[in-house]
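Order of writing sets the labels: A, B, C, D, E and F. Residues in every chain begin at 1.
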Amino acid sequence: MSDPTREPTPTDAPVLTPAPETPRHARDVIFGSQQGRIQERLNDLDPDLGRYIQEFAYDTVYDRPGLDLKSKELIACALLVSLGSPPELRTHIRGAMNAGATEAEVRGALMMCVPYLGFPRTVAAFEVLRQHLNR
Amino acid sequence: MSDPTREPTPTDAPVLTPAPETPRHARDVIFGSQQGRIQERLNDLDPDLGRYIQEFAYDTVYDRPGLDLKSKELIACALLVSLGSPPELRTHIRGAMNAGATEAEVRGALMMCVPYLGFPRTVAAFEVLRQHLNR
Amino acid sequence: MSDPTREPTPTDAPVLTPAPETPRHARDVIFGSQQGRIQERLNDLDPDLGRYIQEFAYDTVYDRPGLDLKSKELIACALLVSLGSPPELRTHIRGAMNAGATEAEVRGALMMCVPYLGFPRTVAAFEVLRQHLNR
Amino acid sequence: MSDPTREPTPTDAPVLTPAPETPRHARDVIFGSQQGRIQERLNDLDPDLGRYIQEFAYDTVYDRPGLDLKSKELIACALLVSLGSPPELRTHIRGAMNAGATEAEVRGALMMCVPYLGFPRTVAAFEVLRQHLNR
Amino acid sequence: MSDPTREPTPTDAPVLTPAPETPRHARDVIFGSQQGRIQERLNDLDPDLGRYIQEFAYDTVYDRPGLDLKSKELIACALLVSLGSPPELRTHIRGAMNAGATEAEVRGALMMCVPYLGFPRTVAAFEVLRQHLNR
Amino acid sequence: MSDPTREPTPTDAPVLTPAPETPRHARDVIFGSQQGRIQERLNDLDPDLGRYIQEFAYDTVYDRPGLDLKSKELIACALLVSLGSPPELRTHIRGAMNAGATEAEVRGALMMCVPYLGFPRTVAAFEVLRQHLNR
């Protein structure tokens, strides 16, 4: 993956580019400039919950090697379709694209839900995709 | 539909080998030598159901371009974890590997279920993986 | 509640036809000669649970007028497909047929699960149907 | 698709019986005058998704013989309760009534969800019914 | 049932302590001053549904001895997280607190959903808790 | 509860008894003498998965203060009913009892699933309870 997200608004751009040997966290790519806001919202809900999501879900499970981040995010999208969770689905559609997925690949991931989950969940997912694309 | 499954039993073997430029169906890759047996079992359950799975699920949704087959199968595995469907999960773990996924990638796909679905479903999925690897 | 379950004679044929003014309970039709055994098993699990199922689920919800019993049982089958509950599904496939559903109607009810729930749950349901038909 | 939506006369009886060779699609009955709008919305989400729903879900699964359309729609309503999908539930409550179900039959179908799915999903379904009746 | 809901005085404190032989219903504690409004809404949806919820869910299952009401309500909260039912979750978060649960105990009950159901359902639950606390 | 866990296999017995002020882990109480075997099985499935369950699910979420362990385990039982996961349900029925729950309290926790999840899941749960009690 060459240059995935480049999400550099002036406020949260580091003064110095990190040294190339510094591994980037999956959450940096997935959330981009939204990361601070999202993490703050989770911490407000419950500090432990926010910590579990950052340290366990992202810095442990997501950062685990063995599968590339784009595939992880396409899988996350499909799992969120199974849960019927529109807000998180939108976050991870954006995350999949930030990790390099094309619109066609996201459509392909959502379409895989038809044979496994049926049409209603899949239609709801494509509505979230449309909202994301029309943003 | 002209040349459907290439099951090589005497009765339904085509007279001529298909030309190499004939695109392979996703189901040829996923099921490999099990395809005839699997399709026969589905037809026995209900001929319409068997036909819907072959013609719609596989020859339409799976063969739709836009996402590579390996990614489709890793997504299928995750969705089957969400459904708690061990027999199909085993079929599609094998399918993902037939489509080029490494064991590490399959483990990575199953592990993505932890943050989205929790541990019990994921543990059940890794038990199916172990059965597949120990076959 | 005066005379709820009327344990059947060994042949399951009552010696005398019940008087026409005696309304039959849905559970008499659904369970037929299995009713005593099923209710005993539920009472063994927990007497309150057994009582809730008989008095609330069957004698209240199932015996509620407004929809015919065959339709109720076809709906029950579909809901049990959604829950992935093979033993109860088999009970209510038999119950639907006891209430007058043809095999084609049961197949039609299970097939409706394809567009709403996807293939894996539906395939599992048709396997239960086959077991019932091959009993 | 030749003549899709043909709004029925107030008595819902066509002035002329359709010629016997013109089979009506289930979707003509279910969607009535809304069919064009609904199909357009689905095509906008994704042309393949829209096509799969029309050609596979409706013109194949729904138009399959063996079970009457009213029963299919009552089952669809129950399955949508299991999925917690209010917008589609409303569409198929209307569809069930368009296919001949009385309000009492729709209430009976939703009530069957109590013993199988519990109260929260069923309460949500009756709220959708109330919105439909108060439209 | 003679005097079910006894609307409380504005301060929610009864003028007279109920006689010790009068057992309070679980629903009196859970719903407090909201009980009349909630029951009326359910009866409006469907009189049978309203009756089933009051007489079966509350006066039978909830009033069954063997487990204290606070534990029942914490369990109800967790089950509502599994169902993804925000309005009922809010009702039973309030109910758990009315039955004596502290905020820390409610947070603990919701947090137990992380290992069993994953993060998206749990995050949605903590959002409902925050709305309740900020009311 | 007198002395539940006593994990005395030679290999993982500490040389010195931990000082009494060392807080016990929830997993010591829940799993008792089965802990070594269970953890080994999970590590065999996938070392990362085993580690996540021990370090995150148990030593982080379960050991989090704010709610007593018995309540946590009763909630775990209810959530496992919602997932339809018999093996884990049996483990946590035993865990709830190891944490001090009476049989009546476990029955009360499972019975709470009736109004929220319906009868089929609850019946399956009481079958697991019976197997546990008849062991």
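In this section, a residue touches a chain if its C-beta (ideal position, glycine included) is under 8 Å from a C-beta of that chain, and two chains touch if they have at least 3 such contacts.
Please read these numbers as outputs of a predicted model, since none were measured by experiment.
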| item | value |
| --- | --- |
| Any chain that touches chain F and chain D | A, B, C, E |
| Far-end chain from chain F, centres as C-alpha averages | D |
| Pair with more cross-chain C-beta pairs in contact, given A-C and A-E | A-E |
| Distance-maximising chain from chain B - centres being C-alpha averages | E |
| Interface composition of copies chain A and chain B: same or different, split at half | same |
| Geometric centre distance via CA averages, chain D-chain A, whole Å | 35 |
| Centroid distance [mean C-alpha coordinates] between chain D and chain B, Å | 32 |
| Centroid distance [mean C-alpha coordinates] between chain E and chain B, Å | 45 |
| Distance between chain centroids, defined by C-alpha means - chain E, chain F (Å) | 26 |
| Per-residue overlap in chain D, given as positions that touch at least 2 other chains | 48, 52-53, 56-57, 61, 64, 80, 83-84, 107, 111, 113-120 |
| Topology of the chain contact graph, where touching chains are joined (line, ring, star, complete, other) | complete |
| Parts of chain D lying in touch with chain A, wherever the complex brings them together | 42, 44-46, 48-49, 52-53, 57, 80, 83-85, 88 |
| Chain A-touching residues of chain F, taken from the complex the two chains share | 48, 52, 56, 60-61, 64 |
| Touching residues (chain side chain D, partner chain E) in the complex | 84, 107, 110-111, 114, 118-124, 126-127, 129-130 |
| Interface residues, chain F side, partner chain D - complex | 113-120 |
| Contacting residues of chain A [partner chain B, same complex] | 53, 56-57, 61-62, 64-67, 71-72, 74-76, 78-80, 82-83, 104-105, 107-109, 111-117 |
